[in-house]
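For reference, the structure discussed in these notes is given below.
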């Protein structure tokens, strides 16, 4: 059994890690870290876990945890993991960091967008960007995995084949993304109160959202050259789910079959990426509670553009599910272990 | 492997059976019956099942199905199962009927509340009312199980210990129940459109809801004498979940510990019934997607009444989950097999 | 023009006062009090008021306000109004207090349920309980009106005719109430976050909710003797609306027409109380944004009980609308002035 | 008093016309047309109108209605108005058509996108496209007004100043729009059931939505040359509201002040168009129930693009409110008459 410790286990992503790991045949949770709820029963913080989790919340002592755990998940605010990680810890345990600390290779980009100093830039090179479908082999050998962001996972997987095959104009990519409210976290803020979110939709972080450089960096690798793009997130009155609608100009006239072929090339054998049938648009309800990403596209011959759509559950494939997928790879397990639950509907 | 056939697999309860059975280690689905969608890919009707279910919807030929299946789930409108079941079918296969056809022992009560003729009253005696926690031994030997209603499961389990131990006045029970909208089914009706249900709450079927006699009959057995009570369902703008708030007069002064002791007596060892800690009210969000029933109570010393609350997921413990729990018992499996998934939150 | 000052104008009830008064032909707002947002543009706190309200939030200086305003609305936490009101203020201006400070005539009951000391018990006798339909004449002459609570308005108006005419057993009244989330206020609490409230329903304050003694006191006056009853509020995932489902035993056999006659007796000429047609259940969606209360009842002959239902918008008739209705009466205006807006649907 | 007849009064837009006209000081409704509910009380179809509307639903006899009404609103499916209108009717009454029949000047474009034959192309030239802010003078003289679509109103008003002033590349406009579910109408379809819409978001009609040519035509006039663009609508789990997020490449470097100046130029004196403060994104909650359109923009210097956002209530400014605004203009009234209600929040 893999002994797993979770730091930040009382955030939404942390709790989802708990849910998934409880059903994982090869892992057990040995540490429910939560600075905010130390010594409180975990099941008092999350009533769904009553009689399923008999543990108290603990502090975030990473040194001690490294002794006890084979893998540590840090579902913590930006800056935490970078400030704690060191050689000794990495010599004893593996880390899957759900924050942004090790996602961007260029420390100056990190510091510019996140507006905090990076405390461990020396690990940036080693850290593997854990988008499993694109970095499977590296993840298998990694000690430190940077678990991708929710918007980024959806955006990158939706566009990757087109960028990689240079079928779209890399200078004219526009990503319009929509997220459920769990993405905003469990902090007590007026803006996230039920009555403020319900019955409304808005864009936020326009031209400034921190997932932008992460998408640009990863798609840039696929492109073989830097990419600058527009990314606009929106807040949707629902609990879970991200939908990405991306727009790009095709570099020449392609048929449906042409495009479909490249999606098949990259994703046909990917368990968690479902290329929908022609004409079917991804909907977040069809992936809720699962680790799937549903993708599809429509060619608009009138404008010469392609509209690519992707849907995932932001706290599963966009956070905790992908983190477990990374853990599976790091420990030589079947990548889908503990993650084959069908989406829950309605 | 238990070969399972589902008639009515494209209703919400039927689809939940699919979801649960896909994760069941000892069962496989051999028949996706759906009169409305014959020959259509199941995954076109429920996009969550894309790449998980590779089958077409079939008709509801129970004769043929009896040859192929070890168990048939009928998630069908009232009257269907009663009109199809016969000795030959029951000699070949087991049936878990999710409709009301075999829930009420008295055919005249059935015909009065459901306003249809019962076509197979000869099986009423044999049929076992499959509220597993209360009828475990009978279910194990049954060929034909009447799977309880959603409101009834929640109402009965909430009140059973108090009635059985004669701690409340059996003539003054009031059950105020609230249900998510999946309970209304997937039929295309104006009243169930998004904009009609959203941002509203209403009572319906006041003094006439068909789950009333079912609750009365089962609690009557516990009481050792007939019970007549008030039951009022409400429609709540959410997908899943039932909350029951029941009111009853205590026959004498009892302490919290007195009452708690009888709940423990009946439920302490029940995996799926969670008696919450003192002061914690059941909430439907804590059971969503799971087979749990959360129960608790508050004594109001001012009025001498007890307020009992129960919460479950109407399409799991209130329908498909309990049906699988019954199947497990009927086939000698661990009752919780395939049903230990933690609740999904948020 | 009546000059109106609002203290607590940035809570949900305060903002609704602004919305209603903006459309009132005989009133203008001269003071937008908000301790939390002093000096901030009101329209930055509530974007709907952009270009409609050109004012900054001010402090809660009641002395100064008394000089400027003909009427002060205190939409403030319990204790505020009682701690501020004095003879000088009351000599200069009228007060409609939306808090509970002057609703309960017995100061010991107030202090027991609210757990704070009452700072101005000397005004309790003078204060008029402003349930306009029942206290119209007193309100007209009042300087200090205690605006009723949201649950209480709905509960009292639903049950009043039956209690007043002694048609039900006053010792066996059970009120099961359901409220939208705006009733919880705009404070930043985890329990009221979107993801915590959405897709769930729960009871809260069971046997301890502070609206209980208020309902009991007012129905006790109608009854001519004290009443003790059960009141259980529930939180519903919607913005606005309260639904009350009340249960009571009829003291003898009554026909529909008997009961209907007494409802007509009290409410036939009431503009804001709508007695629905036989068989129609109140739904909160039909009163949203309006000052209406929809009521109806069902007689359950099987149990000898009557189920009474009432629906209103908790921040209109349950708060700001009723406050303006009181203001209209206090200033000799048509009671419906500024309040005849039809409900908004969907 | 203007005598108004409504054909299609039981759809969501029709009902909103009723709500608005009930509060209009210069209009009264003389005909509640509804083919589906003939002879039924209007208030049985819409319970909010109980005791406010005392009328039965009538058929859609436009001949008879022309005799009785000064203005007819046709809130009907595509094709209805075109098949009914004739010279005699237009000689007796004015028409505001809420369908698409007279929005597109080129009949072949209409027939291509709507896939029905146009029965009255002879009135296309006369018909005025009633986007009041842009066509005020023509509307004043019109007999037949084509009331714009909901998505189109929001899209056009958001982009108009930039197109008109040639500040953006007219060949690279991308409009990503999000709508509440009332836009799907009140027809009983499985896809619009509560449980199907709730907790999900999806794109639909990708590259084929019928509002596309309408936006293109109107923006083409502003541009002085044809425009072809991408328009993608999305369904959002909320009742009301449309949010448009539009992307375009600036033809040169502009400052915030440059862009703001052109928005001010066109909208500064428009009552219903609110240009938000710098940095504030439009949110649908701030316009709900009102006739306002909130617009704003962000310049992304990294990509040289501008992101323009607009929010309105799809059944007010996107349908019934704008229809009344048109009526006001056609009858020489103040354009805002009956339409100054503040947005309802929460």
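Order as written gives the chain letters A, B, C and D; numbering starts at 1 within each chain.
One rule holds for everything that comes next: a contact is a pair of C-beta atoms (placed from the backbone, for glycine too) under 8 Å apart; a residue touches a chain by one contact, two chains touch by 3 or more.
This structure is a prediction, so every number in the text was calculated from the model and none was measured.
Note on connectivity: the fewest steps through touching chains from chain B to chain D is 1. Contact count check for A-D and A-B (C-beta pairs in contact): higher for A-D.
Distance between chain A and chain C, defined via averaged C-alpha coordinates, is recorded as 46 Å.
We define each chain's centre as the mean of its Cα atoms; on that basis chain A and chain D are separated by 38 Å. Averaged Cα coordinates give chain A a centre that lies 36 Å from the centre of chain B. The multi-chain contact residues of chain B, meaning those touching 2 or more other chains, are 12, 182, 195-196, 198-199, 237-240, 283, 285, 288, 346. Contacts from chain C toward chain D in the complex involve residues 12, 15, 18-19, 22-23, 46-52, 182, 199, 239-240, 274, 276, 280, 283, 285-290, 294, 340-346. Chain C makes touch with chain A in their complex at residues 12, 181-182, 186, 188-190, 192-199, 237-239. Across the interface of their complex, chain D is touched by residues 172, 174, 176, 178, 180, 195-196, 198-204, 206-207, 228-230, 232, 234, 236-241, 243, 245, 247, 281-286, 288, 298-300, 302-303, 305, 307, 309, 311, 346 of chain A.
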